[in-house]
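The first chain written gets the first letter, and so on, giving A, B, C, D and E; residue counts start at 1 in each chain.
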Amino acid sequence: MIFIRAIGLTLLLLLGMLLPSNAAEADLRAIIAKFATASNFSAIEAVVHELAATGDRAVERPLAALAEGRLYVRKTDSLVFVGQDGGGGIELLDPLSGEKSGAAAKGDIAKVKVNNTLRRAIRDALGTLTLGAKDPAARIAAAATMFKTPDATNIEPLDAAIANETVASVKALLEQARAASVLVSDRPEADKLAAIALIGARGDRDALSLLTSVEANSEGTVKDGATAAMAKINSTLALWDAGQNIWYGISLGSVLLLAAIGLAITFGVMGVINMAHGEMVMLGAYTTFVVQEVIRSSFPGLFDWSLVIALPLAFLVAAFVGLVIERGVIRFLYGRPLETLLATWGVSLILQQAVRTIFGPTNQEVGNPSWMSGSFDIGQLAVTWNRLWILVFSLCVFAVLLYVMKRTPWGLQMRAVTANRRMAASMGIRTPWVDALTFALGSGIAGIAGVALSQVDNVSPNLGRGYIIDSFMVVVFGGVGNLWGTLVGAFSLGIVNKFLEPYAGAVLGKIVVLVLIILFIQKRPRGLFALKGRAVEA
Amino acid sequence: MSKSNTILYLDGVSVSFDGFRAINNLSLVLDKGEMRAIIGPNGAGKTTMMDIVTGKTRPDEGEVFFDGQVDLTKHDEADIAMMGIGRKFQKPTVFESHTIEENLMLALKGPRSIFPALFHRRSATEARQIDHILGIIRLGDKRDELAANLSHGQKQWLEIGMLLAQDPKLLLVDEPVAGMTDAETEETARLLKDIARDHSVIVVEHDMHFVRELGVKVTCLHEGSVLSEGSLDFLSADERVVEVYLGR
Amino acid sequence: MLEVSNATLHYGAAQALRGVSLKAGAGKITCVLGRNGVGKTSLMRSIVGHHRLTSGSVAFEGKALDRSAAYDRARSGIAFVPQGREIFPLLTVRENLESGFAPLKRADRHIPGHVFELFPVLKQMLARRGGDLSGGQQQQLAIGRALVMRPKLLVLDEPTEGIQPSIIKDIGRAIRYLRDQAGIAVLLVEQYLDFCRELADEVNIMDRGRIVHTGPAEDLDRADVRKFLTV
Amino acid sequence: ADDTIKVGILHSLSGTMAISETTLKDAMLMLIDEQNAKGGLLGKKLEAVVVDPASNWPLFAEKARELISKDKVAAVFGCWTSVSRKSVLPVFSELDNILFYPVQYEGEESERNVFYTGAAPNQQAIPAVDYLMSEDGGSVKRWVLEGTDYVYPRTTNKILEAYLKAKGVAAEDIMVNYTPFGFSDWQTEVSAIKKFGSAGKKTAVVSTVNGDANVPFYKELGNQGIKAEDIPVMAFSVGEEELAGLDTAPLVGHLAAWNYFQSVDTPENEKFIADWHKFIKSDKRTTNDPMEAHYVGFNMWVKAVEKAGTTDPDKVIDAVIGVSVPNLTGGYSTMMPNHHITKPVLIGEIQADGQFETVSQTPGLVMGDEWSDYLADSKDLISDWRAPLSCGNFNVATGKCGGKGTN
Amino acid sequence: MITGRFFAAGADRRVAITIFILLAVAIIVPLLNLAVSSTSAFYVPSYVVALTGKYLCYALLALALDLVWGYCGILSLGHGAFFALGGYAMGMYLMRQIGSRGVYGNPLLPDFMVFLNYRELPWFWYGFDHFWFAAIMVLAVPGLLAFVFGWFAFRSRVTGVYLSIITQAMTYALLLAFFRNDMGFGGNNGLTDFKDILGFNVQADATRSALFAASAVTLALAVFVTWAIVGSKYGKLLMAVRDAESRTRFLGWRAENVKLFAFTVSAVMAGIAGALYVPQVGIINPGEFEPSNSIEVVVWAAVGGRGTIVGPIIGALLVNAGKSWFTGVLPAFWLFALGGLFVAVTLFLPKGIVGMWDSWRGNARALRAASIAEEAGTDPDVPPAKIVRSAARTPGDWSASGPEPQPAE
C-alpha cells in the first residue's frame, strides 16, 4: 500500500511537468477505452500490458487507480474514469489529466475488476515507469519491484537510471536490480558471475530466491557460482534467523509482560487471586475502540493520536472499575485470599457479559495508527513497528511501576498494608485508601495493557480469557511479589517459546513450555526470583 | 573429646545468609542427659543454631552429630524429629484450627506413617498421657477449644505440652517463658528440671531469673560463636558477657 | 489523656473483657499486669482499634474513639507495639521504620536520632529485611517503628519479650526519657515484674477480663495484689 | 401450547464461540419473525426457543435434549463447531428430531436427523485450490496449508494434500502447519510463510485458521508486509464478520472461498441485508455465509413442513429431500438425498471496506459431497436417505450399508 | 468405632443423612423413570435422569477437590484433568465397543482414526476393549499422574499459588496435547457416538437409570470414604498440614506423604467421576481439560462450603442446576445471574452455604454454653443478641483472629 501511495505522490509532482502529449494522448485514450469492453481478467491484463508498452508516464494514473480498484466505467456512455470518494456518490476524474469530470452515483458506474494477477502486472509495469521519478522512495520501490521481477528488457532502462542516479543507496539497489535482470538475460557468463557476486552480497531472502531459480535454470560456472553464493547467504541467514527468533521472543515477552504486569500488582503484591484481570485488559481494549470510533466520526485528523488519547482514558476506565470492584467486593475478603478467586471469577463473568451486551459479541475493529503499521529492516531482521512500540511501552510501564513501588511512600504503604493490614493501620496508614488505590492501579495498568494488545489481538469479549492463564504463569514463574521476576519471567518465557516454535510447532512448543514451567517450579518452588530466608516464611 | 557419649555434637559450624555470617565456626557439645542454658545477645545465632540442629537450615560447613553417630546434616526435618529431637519455637506455633487436645494427639509419640494414622484408634494409654499433659500445662478446661483462640502465653504452654507429648530424647526450647508471669516462669523452670532428669535439654532464654532457677551450665553465644561458658555466676562476672549482653 | 470506661469485648461468644475501666495520664507510665489469658492484649487491641468493643468506650484527649478506625487513632497520636512484633517481614528495616511516616507532616518525615541510639543494631541492619532479623531484633524494630510516629500515647504490649537484658535496661531508660522529655503517656503491658516495678507510675492488675486492682507501683509488693499474679 | 410450532435455536451466546454464533441466533429470530409475518406455518405461529449452550460441548447435548424433550421443538437450528455437532448427534437420533447445521465442515458424515446446509470440503476447499492453480489465481505452485489444530483443518488439509499431489504438486512444495485455538502470536508462523514463499515459485497460503486466531494472523500478515500479490492467503473461515474486526486496508487482495458474500449483487440478497439491518437495528452489522445457510435451511424446512402437512420429524425428514429454495446468490439450492445441499462456490478478494469482491464463481451449483473422493476409506461410500436405500454410509464397492460392511 | 461415630450427632449425622438420601435416590429415581407411566405426576422424565446423573458426577468431582483443597489446603486448579483422564479411559472402552458399527465399518479402528489414515490401532488403545481393563485404567491413570506429579511437587515443597499454577499448567498442557490430532485421542472432537456399555445400549432408559444409580451409589461411597479419612487421625494431620505444614515436619510427620496420599486418592475419585460422566453425556473431548473448567470446580466447592463434606456436593448440584436453568430461561443474561451469585455467596455466605449454616448453629450452641457459664460465673449483663453480631467476621471489621496462620519460626 505504501508503495502505491508513493506512486500517487509522484503523480502529483509530475502533474506540473508538461508531458510530450497530443498525438500520443489520443492513442492512450483509445487504449484506455478498451477497459470498458474488456470482459474478463485476461482481457483487462492485455490492456494493462498495452498501456505499459507505450512507456508513457501518463499511464501511471489510470494504472495505479486500477490497482487500487478505483477505475470505473460509466454505464451510460462507456467512458472510463478514475473515481474518488466524494460526499454521497463518487467523483469522477479524467484518467489522464486528473481533472474533475463530474460525479456519479454508485449504481451508474461499474468498477473495472482487479485481482492479484492484475495487481502484480500493474506493479511490474509501474516499476519500470517510475524509475525516473523524482522522489527517491518511488525509485527505491521501482528498483525493488524490478529486482523481484527480473527481465532482460529491464537492463537498458536500468542502465540509464543508474547513470542518472545521484543517491548512492538508490544506486546500489538499481544495480542489484540490473544484476537480477542480467541473470535472466543471455549476457555473457562473466557478466552473470559479476551479477551473482553483487546479488550474493545483498544476502537476503529475495537474493536467495532469485539465485535458487538461477541455479535451477543454468549450468556450468554460473550454476556453481549461484550455489556458492547461496551457501554463503544461507549461513548468514541462519545467524539472522537466530536473531529473529530472539526478537520474536522478546516481542512475545513484551506482550506477556504487559498482560501480566497489572496482575503482578493485584495478585503479586495484594494477594488477590484476580480472575477478573483479563477483563480489565479487555476494558482497556474496548476503551481504545470507543476512542477510535469517536475520532473516526468526529475528528478524523486525530487518528494517529488515538492510542495516545486512549491510554489515559483506558487507565481511568479500568482503574475506576477496579476501584468499584475493590470497594464493592474485595475489601470484605482480605485475609481470605482464596475466596477472592470465587468473587473475581463472578465479576469476570459479569464484565464479560456486560461488554457482550453493550458492544455485541463480535470482534471490534481497532486500527493501527500509521506509526504502528508496517515494518523496517535491521540487516535481515524484519522488525514490525507495532511490536517495537509495544516493547518500548511495556518497558516504560514497568519502569514507572517499579519506581512507584520502590521509591514512593505510596509504594511503601502498599507493601506494608498487604503484609499486615491491621498493623499498617496502627501505623497510621489509611488502609482502605491504599487498598482501593492499589487495586485501581493494578487494574488501570491492565487497562493500558489492553490498549497495546488491541494492536496485535482481536478486540472481543473473550480477549481477557486468552491472557489470564499466561499472566498467572508469568507472575508465578517469576516469583510472586517480585516485579523483576515478572519482567524476567515474561521475557524468558517469550524467548523459550519462540525458540521452540520453529522446531516443535506452535502446539507442541507451548506444551513443552508448560512442562518446563512445571519442572522449573520443582527446582525453584517459589519462582525464578524467589525470596529466600525467614522473612518469607514469617 | 569423644563424640560417642554426646547427645549433640557441633563442631566448626558456620552458616551465612547473603554474606552475613549468622553462625561462625560454632562448636558446642551436649552430653547425654545434660541440660544446658544458652544465652546471648539478640541476633547471636541461638535460633539459627536450633534451625541447624532440626534440619531447617543447612550449615555451610561443620559437623553436626546427634547421639554420637547420626550426621544431622544428612537428614531432613521429619527424620530428625523422628530420631527424637523436639523443638519449641521462639514464636509459638500450633495448629490453629485444631483443638488443644488434637494438637497434643498429633504430637504424641508413635508411628509416623500414613496408614497407621488412617486406621488409628486412640488407646487408653494415649488418653491418659494427654490428660496428664493437659494437667501440666493447665489447659484442661480448654481442651476442646480451638488453639487459635488461645492467648499468647497459653500458646506457649500448648507448645511446651506438644513437646512433652513428643517425648524426644533431646529438647530444644527457644524462649519458653517469654510472656509468662513470674510465677509461671518458676513453674516452667521446675517442669524443665523435671524433664531434664531423663532427657537432654537445651534452653534458650533471656530471663536471667529463670536461667538462675535452672541452675545449669550456661553458654553465651555472641556473633555466631561461643563467647563464654560456665555457671551463671561465672558468666555474670565475665566482663565480655556483661558488655555485650547483660549490661550494667 | 486516655480513658477507657466499662469496656467489654467478645470473641464470638467468649467474653474477653468484662467492664474494664482504665486511665492513662500524660507524662505517666501506666502498667497493666496479669496472668496469661486474662485479657491484657485484648484490652490493648481494643484501645488501638483492632477490635471493636461490644460495649463501653475509649476516649483519647477527651474525644471518643469508638467510631474511629485504627488508622485514625494512630493519626491522632496513638502508637502501638503489639505482642508478637508484627513487623512487616518483607520490608527492609528502613522501610519498616519509614512506614511510621504516614501520619507525619512532610517536615517531620525523618527517623528521630534516639531510635538508633536506643537500638544501634537497627542502624547496622537498615537494608536487611525485617523478617530476617532475630526475634529480639524484631522486637527492637517494632519499638523503634512506634517511636518514629512521635506518638502522644505509646501502647506497649510486652515490649521486653525476647530482648536481651542490657537492651531491656535501655528500653526502660528510653521510656522514662520519653515520659519526662516529651511528656507522652505510656501504657505498658508487662509480665516482667521488676521492669514494671521500676518504671511504673501506676499499676493496674487484670484478672479474668476485669481490672481488679489499681494503685501505685509499690502496691506490687502487697500480698493481696501479688495473689493475682501467681498461678 | 398447541397453536404454536416451536423451533429450537442452539447457538452459544457466551463463551468462546459466542463471537460467531450469536449472529446466527439473531438471524434465526429474524427468519422466524418474517415467517410469522407471512402468516406462520400450517396456520400456526412459530415460536423460537433460544437456549445458551455456552460453548461447552456436553452442555450442547444437554440443551439439545432439553429442547426436544422438554420444549418439544419441531426442529433445531444450531451448532457451529464440529464437536458441538458430534456432541448432539446421538441426542437427535435417539429422540428422532431434526438439526439444521449451517457451517462449513470437514464432511465424512451423513446422519438421518441432520441436514448440512454449510459447505462440504468439495464445495469450498477444492474449488478454492482450483482457483489458485488457475491462471487467474496466479498459477500457484507452492502451498502452505496453515490451520488450527482440530478436526476440520486436519481433514480438509488431508483432502487437499491428496488432491494437490494428484495434481502433480511435489511433497516439498507443500508445507503444513498447525497452531492452537485462539493462537495470538503469529510472528514465527508468518515469517516461516515468508521464508517458504521465497523459494522462487509462486506460493499461496490456504488457511483453515479458525475463529479468533484470524485477527492477529491477518494483523501480523499486514505488518510483516505480506501482500496478496506476492503470497495470497485463501481462507475458509474468514468471513465478513471476522473482517469487521480488522483494518483491511493492508489485506486487500487476500482471498476467501465461500458460498455467499454480502457483496453479492442480487435482489434477494439486497432484501436480506436490508431486513437484517432493520432487525438488528444497525446498518454496520454484516451478513455472512452461515447466515445464508440458515436462510436456505430454514426455508427448506418451512417448505418441507408445508409439503408434509405436519411438523412430525419423520415425515419432514422424508419431505425435505428434493426441496428447492432460492439462495441469496441468485440460484436455487436443493436438498440432496445425502442431506447436503447444492451451492455455488464463490472466491472473493478482501476489499478495503471490509467486504469481499467475487473474483471467481463456479459456473453451476456444486453438490455437497459428504464422503470425500480423496480419502482412501471414504471414496467408496455414498449416502442416500431415500427409501429404499436409507443409508448414510453405503459402500458401493461391497454393496452394503454400514461402511466397509465387512461384518 | 467407625459405625459408632457414624451415628453420632452433628456434622457426622449430616453425612449419614446425605448417604441415606443418595442411596434412596439411587433406587427411587430409576423406579419413577422406568416403572411409572409417563403421564403420571410422579414420572421422572429421562432427560431429568440424565441431567441429575451428570450433576452427581460433578458433585463427586467437587468432593474430590474438597478433600485436597478444603482439608489439605492444596488448591488444585487442575482437577479437571483427572476427571477428563478418567473420562477418556471410559471413552476409549466405549469407543472400542462400537466395533464395526462406525460409519466406515472398520472393526478395529474408531472412525476418527480411519479418516485420519491410521493403519493400525495405537498401542495405548490395546486392552480397552475389556471393561475390567478400562476400569483399572480409570483408577490408575489419574491416580498415577497425581502420584507422580505430587511426588515431585510435594517433595520439592511447592506450595500455595505455585502449586495451584503448576496444576493449572498441567491441565493446560494436557488440553493442548489432547487437542492434537496426532495424539490418537480424536483431537478436538474427542470420543463420541458411543453405542454400548457392558452390552447395554447407552441410550436406553434402563441403562441411563442404571448409570444414574451407579453415580449416586458411588457418590455415597465417596462421601463415606471421605468422611472416614477426614475423621481419622490422618484427617487431623491433613488439616494440620494445611495450617502449618512445617510444624508437622518438626513433629516428625512427612508432610509430603500426607499430601501425596490425599492428592492421589482425590485424583482417583475425580477419575471415577469422569468415567461415570462420559457414558451419561455421550462425549469426552479435550474441552474437559480447559483450565476454566477446573476453576469452576473450585467455585462449586467454595459455594457449597469448603472444608465440609456435604458442602461441595450441595455447591456442585446447586451451581449446575442454576446453570442449566439460567441458560434455558435467561439465555442472554444468565452470566449476570451466575456471576452475581458467586459474588453474593462470597459476600454474604463467606464460608459457603454449609459453612454458614454451621456457624449459625455453632453460634447458637456456643451461646447456650456461654449463658450457662454466665449463670455460674459472675457477669450476667451481656445481651446475647450482641454476641451474635460481634462475631468477628462481619464485613468491614478487621478480622479478630491474627493474620494468616504462620509457619514455624
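One rule holds for everything that comes next: a residue touches a chain if its C-beta (ideal position, glycine included) is under 8 Å from a C-beta of that chain, and two chains touch if they have at least 3 such contacts.
Please read these numbers as outputs of a predicted model, since none were measured by experiment.
In summary, the chains found to touch both subunit A and subunit D are E.
Once subunit D is ignored, the contact network of the remaining chains holds as one piece. Placing every chain at the mean of its C-alpha atoms, the farthest one from subunit C is found to be D.
Ranked by how close its C-alpha mean sits to the mean of all protein C-alpha atoms, the top chain is E. Across the two interfaces under comparison, B-C and D-E, the one joined by more C-beta contacts turns out to be D-E. Rounded to whole angstrom units, the spacing between the C-alpha centres of subunit C and subunit E is 49. Distance between subunit B and subunit D, defined via averaged C-alpha coordinates, is recorded as 74 Å.
Subunit B and subunit E have CA centres that are 42 Å apart. One inter-chain figure worth recording: subunit A and subunit B are separated by 65 Å, centre to centre, where each centre is the mean of the chain's CA atoms. Chain contacts: subunit E has residues 176, 179-180, 246, 332, 335, 398, 402-403, 406-407, 409 touching two or more partner chains.
Residue numbers of subunit A whose C-beta contacts span two or more other chains: 352-353, 420, 422, 425, 465, 507, 510, 533-534, 537-538. Touching two or more other chains at once are residues 11, 14, 50, 70, 84, 86, 132, 135 of subunit C. Looking at the complex, you find that subunit D touches subunit A at residues 13-16, 18-19, 22-23, 135-138, 149, 177-180, 182-185, 187-189, 191-192, 194-195, 198-200, 212, 214-216, 219-220, 222-225, 228-230, 232, 241-242, 244-247, 249-250, 252-253, 255, 285, 349, 351-352, 354, 357, 359. On the side of subunit D, the complex with subunit E involves touching residues 13-14, 50-54, 56-59, 61-63, 65-66, 69-70, 81-83, 86-87, 89-91, 94, 108-109, 149-151, 154-155, 158, 178, 180-181, 375-378, 381, 392-393, 395, 402-407.
Residues 48-50, 69-71, 73-75, 78-80, 82, 86, 88-91, 95, 98-103, 129-132, 145, 149 of subunit C touch subunit A in their complex. Residues 47, 54, 56, 76-78, 81-82, 86-87, 89-91, 93-98, 102, 105-107, 112-114, 117-122, 148, 162, 166 of subunit B are the ones that touch subunit E when the two sit in their complex. Taken in their complex, subunit A has these residues touching subunit E: 267, 273, 275, 329, 331-333, 335-336, 338-343, 345-350, 352-354, 357, 420-422, 425, 465, 469, 472-473, 476, 480, 507-508, 510-511, 514-515, 517-518, 521-523, 525-527, 534, 537-538.
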